[in-house]
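Each structure below appears as structure tokens.
There are two complexes below, and they share chain A, which is joined by chain B in the first and by chain C in the second.
Now for the complex of A and B:
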């Protein structure tokens, strides 16, 4: 390390100091080179998937690849006529959306209380809440598999909604607590002075101020539930199958229809890309469980 | 007479309503936390306790008293021919290497993007680099199966067409590395976006001051910028670690734990014990050990690094 420092200082004192501009250009070129390289890593699989979904059947996986081809929506039309796909897609939309509404209804008021009231052992309570995310889903799902069969909740949308709530509740509570912490209490106090009840103060004053937080945590919860495979695999077999399980079911089937598989994956990915871009400003706040926004 | 009773009932129901409203407002915090506490108990204590119960009985039955207690034999089976230890080692390997790779890459990318001068270009990269998160792990696994396939995959083809090297058989020769690389593609964006936000919060004055010292770039990061961002680095790493222990879809879709047991994560092992070997006792035994293991590690990390700075 010492020699490194030495060479550094000798470079600095040498004639290269004059070439500060050259060095900055070099750094800039290296920076953009690396960024372009990673952009390629990010985009190539997605490009490949998209092109597979748009290639006519038979040429989806020909090697050398058909870099130039006449795009066709054949696979998407087939997909749109596939009852199993449509059912799974609709299931996912309904179950995941319902779980997001429910997890907000349960988590947001609780986060408000954690933010505003003195809770005994608050830190332990918060770690307990976070611990629900530490529990591996496979360990959680086994008891629910046994119980759901007894309660007739196996292969039901309600059961799946509950499981989706379970993966996102800790996220919602943590993120919303951080958001509420950032909203000055004087706002509600003013409302209370004007004769509002505690509940009105929460609903009419605090909630509107927390809208960006609610919006972003809703979208992030949606994504985490949307990409979940295990619960569908264990707790459904026909009626409540989510779209992840539909995609999975292609694997292992003897004659994989690559084009349709690619189209189904595209249909799963595109809405989430739109969501991610929409929430991009608050994404870090949400994903970091509310830690980043505390600046 | 009838009208009188009617008015009487309305007044009582009105006072009843008012009383309800008072009850609602007076105990508001309790109503607000009650559903959350209920669900939390259902998803933390209940599965833990039930796994424990399943792990010490012969056969799951609803009549708790009819269950046959078998002691620790399920645990013995799990760590004997169940291969639990092997899957713990595989899991820890994947978690540690993916976490290291994703943290370093995520931080590097965040630092690179934060240094881009054009603001439009900066936000372009920021949006582009989060896109892989939109891909469900199981979809990524299917894409990986196609693109990495030794016969029809485009990536082996490109490797052999553009380099003098023979492409490795990703799914049979280096399955574990392939799993780590796919997860890295999928979840580096998570680290990137949090680190990027953390970097943006470092005050310019701090960066300027460190520049005046003439310290080289890497030292400025190591001694000034990263310490300032400590809470952010800590939380991102902790949450990613917790999520890595939950990994299932990408491996199940890619290799189903194979070839052999080369990529048999604990999650996969439990799944197979439960649904392929039909031994819920063994599955639950591994699940209990896994639960304790992950919660212990996470809590040790929390206690060691502490929540100072994260909370206050």
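Now for the complex of A and C:
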């Protein structure tokens, strides 16, 4: 009797374990299925855009869509031969890159000072910096237009660089201040005791430790400036036109050039991807401060 | 190498009415090559005092000398000091070798080859030569500690400053590193300031202790002097583990009457007490004996808790006659059988007892020592409190 009970219970345990394994497998399948479905949702517009850019003129926006078509690079060739597009693209690359360099040059030291020094009314200064982003851009675009006109910045690349800097500065300062707050002050103290000046301590010790943060805000700033349309629309008309505005110009009053719009949009993705790939290792590396024990 | 002198150094944080005095008018002479431990509870100003020597804080008042030079206006980089931080503060993006050579690059004119040779030599001395290519993140806590020490030593500075360098290590490693730092310091002979809140570290490491509380100097002396000749009740309670037991009482007709017992004062005690009435009796746990038979000047206690430590036991007892529930601790031989609830007689001989002024906390009567111990302290009884201000 007793042995029968025993064997019965052992079988039970076995079947339960099997159930558990099956359950885990099912959960795994469900999870991956869900993620697959989600990535489909996310990637579908990109696929749509890419396929639209590779379709011959006329069939780009046909409904129902041509799922099977002979891809052509016709739109890309037209785009590459379009001087205005190349100029706008170059404009954007130059203006956005310059703005990222400038916003880091201003924002990172500012964040460091706000993090490390006793600034009177520090909280207020921080909120004041953030307040530059509190109004919707549409509310300030007209005043900016007037100011730009008065300062001879209208339709100038330098003006657009300033514009992009003002868009991103608050982000850089806030994120980097939080980042510096997380780096123990004893690091700089150790550097100063080791014979470094305060500035050397910042440059040689803190800045390298802050690299992941700096590259993160650089990418975000790059993207925000790269996709900016409204200020470009109002503050430029010929010389300093950014690529976003050029892409927008394919939407005419009577017709939309879908193929060209898609090809130009695809081209716009390229620099962001290149930038991301270039700095990816800095983002992944050293995101931990395992070296220093927090007090 | 250099001596260090602090002359009426005060540090206040904040200003006006909100100012907090972290260090209050401290004067101190530290000799060349001496190992001095700043010890005190948290908030006692010990770290602030060290940071003023480092130049990381500027004193509100007073002068700091390193050697014969006033360094008030000099930043840390000009003071030729090396510091070990509690969190080690190793540069996270540099290898161990780069960490150790950073100071030499910054503060000397040595060539790259000379720097490499010096770093390698120090790394070998510290047993970290195999770690030179690792980054700090790849090291264990003990290894990081060694690198932090190595980074300080390689500089060959005038002064070592160590701010609770062992407090992040586990107990066993801490004991090992304690011995190692002691050995290194005596080998190198570099003037060393060491901050700790751990009285065991303080007792075992320093040539002299500087005991601080609320930013004020309590006592400066050798570890044994602070232990046997405490300048006041604070030092008596802070140095020694478990802490000294204190009993506040009133002196009348040569007898100290405390809550729970009466203690007949010896002739020397009476002379020292003078006409004071509010007097606190202090006796260390190891100076009490517990016996079944009544003793002279002893009193009846009941055992509350026994903590066996092996070679000794800490017995928490309560006076039977006391009107309160407070216990005090007695250290007895580990083999003495004592059980909880037992009634015994506690006795501390008159030779081993300290007396303190209850109001000021000042020591008014020091215990007696054997002649040898007395000579070793080289601090005559009469001057025992002179270290305190």
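One rule holds for everything that comes next: the second predicted complex is superposed on the first by the 228 of 295 C-alpha atoms of A that agree within 3 Å, B and C clash if a C-alpha of one lies under 4 Å from a C-alpha of the other, contacts with A are read in each partner's own complex, and residues count from 1 in each chain.
As a working rule, a residue touches a chain if its C-beta (ideal position, glycine included) is under 8 Å from a C-beta of that chain, and two chains touch if they have at least 3 such contacts.
Since we're looking at a predicted model, the values are computed, not measured.
When the two complexes are overlaid on their common chain A, residue A:52 makes contact with chain B while staying clear of chain C.
When the shared chain is aligned, chain C comes close enough to touch A:184, but chain B does not. For chain A, the partner with contacts to more residues, out of chain B and chain C, is B. By the touch criterion stated above, A:42 is placed in contact with chain B alone, chain C being left untouched. Once the two complexes are overlaid on the shared chain, A:197 sits against chain B and chain C alike.
Of the two partner chains, chain B is the only one touched by A:136; chain C is not. Judged by the touch definition given at the top, the superposed model places A:280 against chain B, while chain C stays out of reach.
Contacts of A:127 after superposition on the shared chain: chain B is touched, whereas chain C is not. For the contact definition in use here, the residues of chain A common to its chain B contact set and its chain C contact set are 197, 288-289, 291-292, 295.
The touching residues of chain A, counted against chain C in their complex, run 184, 186-187, 189-197, 200, 204-205, 208-209, 211, 286, 288-295. By the touch criterion given at the top, residues 21, 24-25, 28-29, 31-33, 35-37, 39-40, 42-44, 46-48, 50-51, 54, 60, 62, 108-109, 112-113, 115-116, 125-143, 145-147, 152, 154, 157, 161, 185, 190, 193-194, 196-198, 201, 214, 216, 231-232, 235-236, 239, 242-243, 245-246, 248-249, 252-253, 266-267, 270-271, 274-275, 280, 283-284, 287-288, 290-291, 294-295, 298-299, 302, 307, 310-311 of chain B touch chain A in their complex. By the touch criterion stated above, chain A contacts chain B in their complex at residues 5, 8, 12, 31-32, 34-35, 38-39, 41-43, 45-46, 48-49, 52, 61, 63-65, 105-107, 109-110, 112-114, 117, 123, 127-140, 142-147, 150, 165-166, 169, 173, 197-199, 202, 223, 226-230, 233-234, 244, 247-248, 250-251, 258, 261, 265, 268-269, 272-273, 275-277, 280, 283-285, 287-289, 291-292, 295.
Residue ranges of chain C in contact with chain A, taken from their complex: 54-56, 75-77, 81-83, 85-94, 102-103, 106-108, 135-137, 141, 144, 151, 155, 161, 168.
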